[in-house]
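Common to both upcoming complexes is subunit A, partnered first by subunit B, then by subunit C.
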Partner chain A sequence: MQEGITPASKPGLKPKALPQSGAKGFNLHVNDKWYALAFLGPSLLILGVFVFYPMLRTLYLSLFLTDNVGRPTVFIGLQNYVNLLTSSAYQASLQATAVYVIGVVAFTLILGLLLAQMAVRKLAGIQWFRTIFSATMGVSVSVAAIFWLFIFSPSVGLFDQIGNLLHLPLVQWLTTPGPAMIAVIISTVWMNLGFTFLILFGALQMVPQPLYEAAAIEGASPSYQFFHVTIPMISPTLFFTSTVTLIGAFKSFGLIDLMTAGGPNNATNLMVYQVYRDAFLNGNYGLASAESVILAVIIALFTLLQFKFLEKRVTY
Partner chain B sequence: MTTHSDSHKRLWILGGVLLALIAVFAGWSILSKPTAQAQGTKRTKVVFWNEMTGPAQAQLNTFVKEFNKSQTKYEVVPEFEGTYNEAVQKIINTHGTDASPAVFQSMDISTSQIYHTGYTTPVQKFIDEDHYDVSKIAPGARAFYANKGTQLSMPFNTSQPVLYYNATLLKKYKITPPPVNPSYSDITRVATQLTERSHKKVQGMTVEIYGWLFEQFMANSGVSLANQEDGHAGTPTAVNFTNAATVNTMKWIQDNLKKGVFVNYGAGANAQNNETASFLSGRLGMFMQSSASIGQLTTGNPDKLGITYYPHPDGQKSNGVAIGGASLWISNDKTSNVQRGAWEFIKYLMTAKSQAEWQVATGYLALNTDSQKEAVLQNLYKKLPATKVPGEQLRAATPNQTNSGIFLQGLIQERNLTQTAMEQIYNGSDINKSLATAEKSMNTYIQGNNRANGY
Partner chain C sequence: MSIELKALGKEYTAGNWVLENVSAHIESGEFFAIVGPSGCGKSTLLRMIAGLIPISAGELQIDDQVATNLPPKDRKLTMVFQSYALFPFLSVTDNVAFGLKARKFPADEVKERVEKAINLVNLDEFKDRKPRDLSGGQRQRVALARAIASDAKVCLMDEPLSNLDAQLRIKMRTELRNLQQELGLTVIYVTHDQVEAMTMADHIMVLHNHEIQQIGTPLDIYNRPANTFVASFFGTPRMNLLPARVEADRELLLANTLKLGIQQPLPVAEYVVGIRPNALRILPQGTGEPNAQVRTVEYLGSEIILEAELADGTPIELVAAAQEIYNVGDWLSIAIDGQAYIFDHDGQAQFMVEGGLNHARGDHAGVQAGA
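So, the complex of A and B:
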């Protein structure tokens, strides 16, 4: 894919927009600077007002105690960060987030790939299954939460009814810490599946058939074909979905809020939820800002790591 | 070449559509302004923020309509603002802008916070100006929203925590119902008998993991949650969760959970929905909740509903519980004319007639003492005698420093922390340790908050 990048081959560019000296990179004509400003200015302005300023403001607020109307009043340096990182409740929240993110990303990718692999076969009526598998894309968070709340309900829930029939002990899904985490992971994975399935399904369909035919002639088993033909061929898509799912999992809010509200015993109190609680329920903007900064740093770190290590294994 | 000119054409069409849209919007906004102003000159607009849903919202909107019809000076515009928690932040963040309300409803535990923002005019000012007879309004409710003799806001939707039981189930299993003002051991007895005699088909009792109930246990035991007499004597600097009364109460619940005569429905809206569903389907014998649930528990319930006062510790008299609900505040960022309109509306809501209708429609208590004589309320009592109980509980208690709410900022945090402690205790953790952890976190929070606000 290297050949497409040289500027000369880009269509529609006027000759004077070409770099004057290739080695120095940007060496723009005076007129071009104005053009650049005119074209980039509006978006930079919007980004500045709605992204960069809030980011800096968050950083600033995180160094303060805030009063009851949210004004920063007492400068306390890094005390908010120190308090957070030494608090056992916040450590528990970090831990819960780790469990949740790993669980969601792993199961979403595995199940999504499994469904896509099944749906790619050309069978009678497969269209129906493809539609059903991608159906959760059209489900809103609130509907999903109500749906799963019903399934997990201890008195009238589906799981409770099945358990009764089989004489299994009653599991209080949403009121005991361990099962509650499992319950929100199941619900989130279910929500994510439609999108992941669709993307991976598209990728699987793009794998050239002759590769499999050649592999079959060589005598490669289906599982060998899967790991040595399919996976490498769809690795860019896998990388994309894993990144998107990871970031999405870190930011999960709706299902948590509606299903457990961070409970029981803070077992599902993920980092984003703690930010919401501290800012919008407790009115503790300084602390919430510090939590946001920590969350942003962690997400950035993971995304970087992913690009560094996972992308090396990606074959484009 | 054809593709190029095609895409050019498309661009032109797109641009044309966009321009047309902009023109339409601009024209609409210019044209619509004068009409809005023309209406505004006749009546003073009084924007009223509330957080009511369901039947309460419907009734509130009826009151607004009736009020608007009853006079020609003001026009109250009700706006729904989501949950209590969300509304507090919106009220604070919009103050001083065009978007802020003239009169707003804010929940019980935000009282100290709203007061300390300095964004409101105490209703005491209007009470004094009008020589309004405030003694007609239930003293227990007034005390909650007053500070050092000044009425800050007007109590509005007011509830009492009560204990509900399924009277039909108790009869079926030949169990003597709990007395109207039960002690902890009265409740243990009924819960145990229910569980045993139904062979565990019926769950005896549940106490929702809910900070409000935690506060009420302390109020009814007569102990302060925060120092400075629950904040009524000054700004609290610390809380006390580890006192004997609270430990005793938590032990009562934990022991019964271990024995299996109490069950744990968890915390939050789900717990409320689930315990209500179980209660209505006859699988749960008793639970504690706001008196505002009466409407939900009487419509479509084939069984007879029993109600008692909030349980109190053995060997002592009940001190009485604090109210719950919300009150009405007047913003001070509006002109005196608008504030006057807000006060007129509040007075309208507090009449004996309005309050009686309010209780019948919602289950919130009629706060005007004259409401008890209103026909609508009398009819309700005749039809469902149990609905009398919460009001009696409210009138039975004499307001004092431990049962008039906690005048402390950060009560949402306090509820989160006490709920976490309750969750741990319900799951078998050491009571003293869990309460001490919550206490320590809350004290850290209070210290930071006092420092940030310069108290």
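So, the complex of A and C:
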């Protein structure tokens, strides 16, 4: 016992030891900075070359007229922005983007949740469906575009074949403005579903079973359970998927390019596609840069809004 | 609200019965405990009563009405889960109000009932907190309040105290029991803890091997166990179960060492005799022939638990006064000094012998120790 007491009765040793370790700590601290820099260096370099520099360069270019290979020629200030925001074609592009993004986000979330809800049930063979539902994650945009082109192709495509059986009028899916927008939304939602399904399915599986059992005993119907147990429980995940889907939808390019190329009559000419056209088809790099900046600002704004509003509802 | 279980059975795969022929009558306002070791089907039985899993055989009656196939929400009962099953995104108030809102009670009645329930479990100052900001014991109370707030008069509890620390568990036992009495609730309480069942329940159902072993009051179960399983499951330290054979006309020989006189002649066969540690007396040194050797010594403060070996190697547990000093390897002389239970070869209770019986004669002990 006595031996046990002695070390504790010599607290005088401790304060002496402290400054030493403090000094050592300071040295280490300086070293730490170099270590940190050494580890961060490679990624900082890559980010700098491929992200930060292009971002600044885009901002810079948006204030100029350029030649057809992208060298700035005449400084025009904010004229590119003024031209864009007063152009009816650009406003139409903004509008098309709005319709597209809302459609894609809404249907991706609703359908993804529906599939996930179906797949959490413990039924025989359900794992096959889980695989199938998440399979679009492994499909490349070009492949998807080609087979959706087949499905939407007039008269021989699947949709028109079904329409024909039901004696509905033939729809020229990809060459009529309204249906073309619907077609690209359907294709994008389909492409998104794999990822959204997988994430939401994971979230649903994490909801503890006793919560449903307690709710059932307390008198909650299945739909009441869905809206008052399931949705709040997975709301953090819903928030995440909605943000990711929203950003992704703003940035859609591949499917649009391969299916409609912005047409018909610019009906599916989304903002990103307009950037591509102005820069690489029309050689108007200054204008395209201004468009990119506007797109970036809009995405940042929406993401911020989503954080502000949805985070309040993300309840735990 | 009384509950009647009529030959309930559960099979998950055809022919593989996890519960068979479970019958019981649970009176209104009764605290009914279902006890058994893990895997005995006690939670399964509770979930069958709750309607969370289908009943494979038999009939369930709640309040004299057949409820075998009713959905959970129509069975007029509530349940407290081991994990509490609180909604993490709702405040204490909203958690308690959940069922009432789901059943579309008028807003002012919801408010009144919730406030009353929260007040009953002493959570007034925490009513706006989320479950994550509460301690285990407080969460437990929220779960209780939710059960109280609902208008159901039957409350099912699935090991509600097992996630609490030992001290709190003991405190909650009393509180739970008082609350149940105060509100006149019918409680069906599942636990693996025999002490919990003994201290709280009006009646206990002991489940083991897919069937009921015994139903009775705690006193019944302790004093008149129906078989060796019940006998050894209730009481700490456990009852000693010693192999026995008929020695003379009215005498049994236990573990080839201890003699037990009986009031009636028994057919010659193998028997098991149960003796609780507190029905065994350690004779003062030098007053009897030594017949057991100490193997382990556990000091509990108020008493000492000794694990000893009888002369033929059969282990036996004893309780001794704390002021005595025992060492491993000591030879003791022990005698039966209380109730002994005679079970047949299959472990079914035969009869009981009241205490004050002589210990084995020296010659036997000597012979067996030498063997």
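We adopt the following convention: the second predicted complex is superposed on the first by the 285 of 316 C-alpha atoms of A that agree within 3 Å, B and C clash if a C-alpha of one lies under 4 Å from a C-alpha of the other, contacts with A are read in each partner's own complex, and residues count from 1 in each chain.
By definition in this document, a contact is a pair of C-beta atoms (placed from the backbone, for glycine too) under 8 Å apart; a residue touches a chain by one contact, two chains touch by 3 or more.
Please read these numbers as outputs of a predicted model, since none were measured by experiment.
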Contact breadth on subunit A, by residue count: subunit C or subunit B: B
Touching partner for A:G41 - first (subunit B), second (subunit C), both, neither: neither
Contacts of A:A214 with subunit B and subunit C, given as first, second, both or neither: second
Touching partner for A:T66 - first (subunit B), second (subunit C), both, neither: first
First (subunit B), second (subunit C), both or neither touched by A:G178: neither
Subunit B versus subunit C as contact partner of A:P222, first or second or both or neither: neither
Which of subunit B and subunit C A:P54 touches, first, second, both or neither: neither
Subunit A partner contacts - residues on subunit B that touch it in the complex: 85-86, 88-89, 92-93, 95, 113, 116-117, 119, 209, 264-271, 274, 277-278, 281, 283, 409-410, 412-413, 416, 419-420, 423-424, 427, 441, 444-445, 448-449, 451-454
Subunit A residues touching subunit B - in the complex, by the definition given at the top: 65-70, 73-74, 83, 89, 149, 153-156, 172, 174-177, 259-261, 263-266, 277, 280-284, 286
Residue numbers on subunit A that touch subunit C, as the complex places them: 208, 210-211, 213-221, 224, 228-229, 232-233, 235, 315-316
Subunit C residues touching subunit A - in the complex, by the definition given at the top: 50-52, 71-73, 75, 77-79, 81, 83, 85, 87-90, 98-99, 102-103, 130, 132, 146, 150
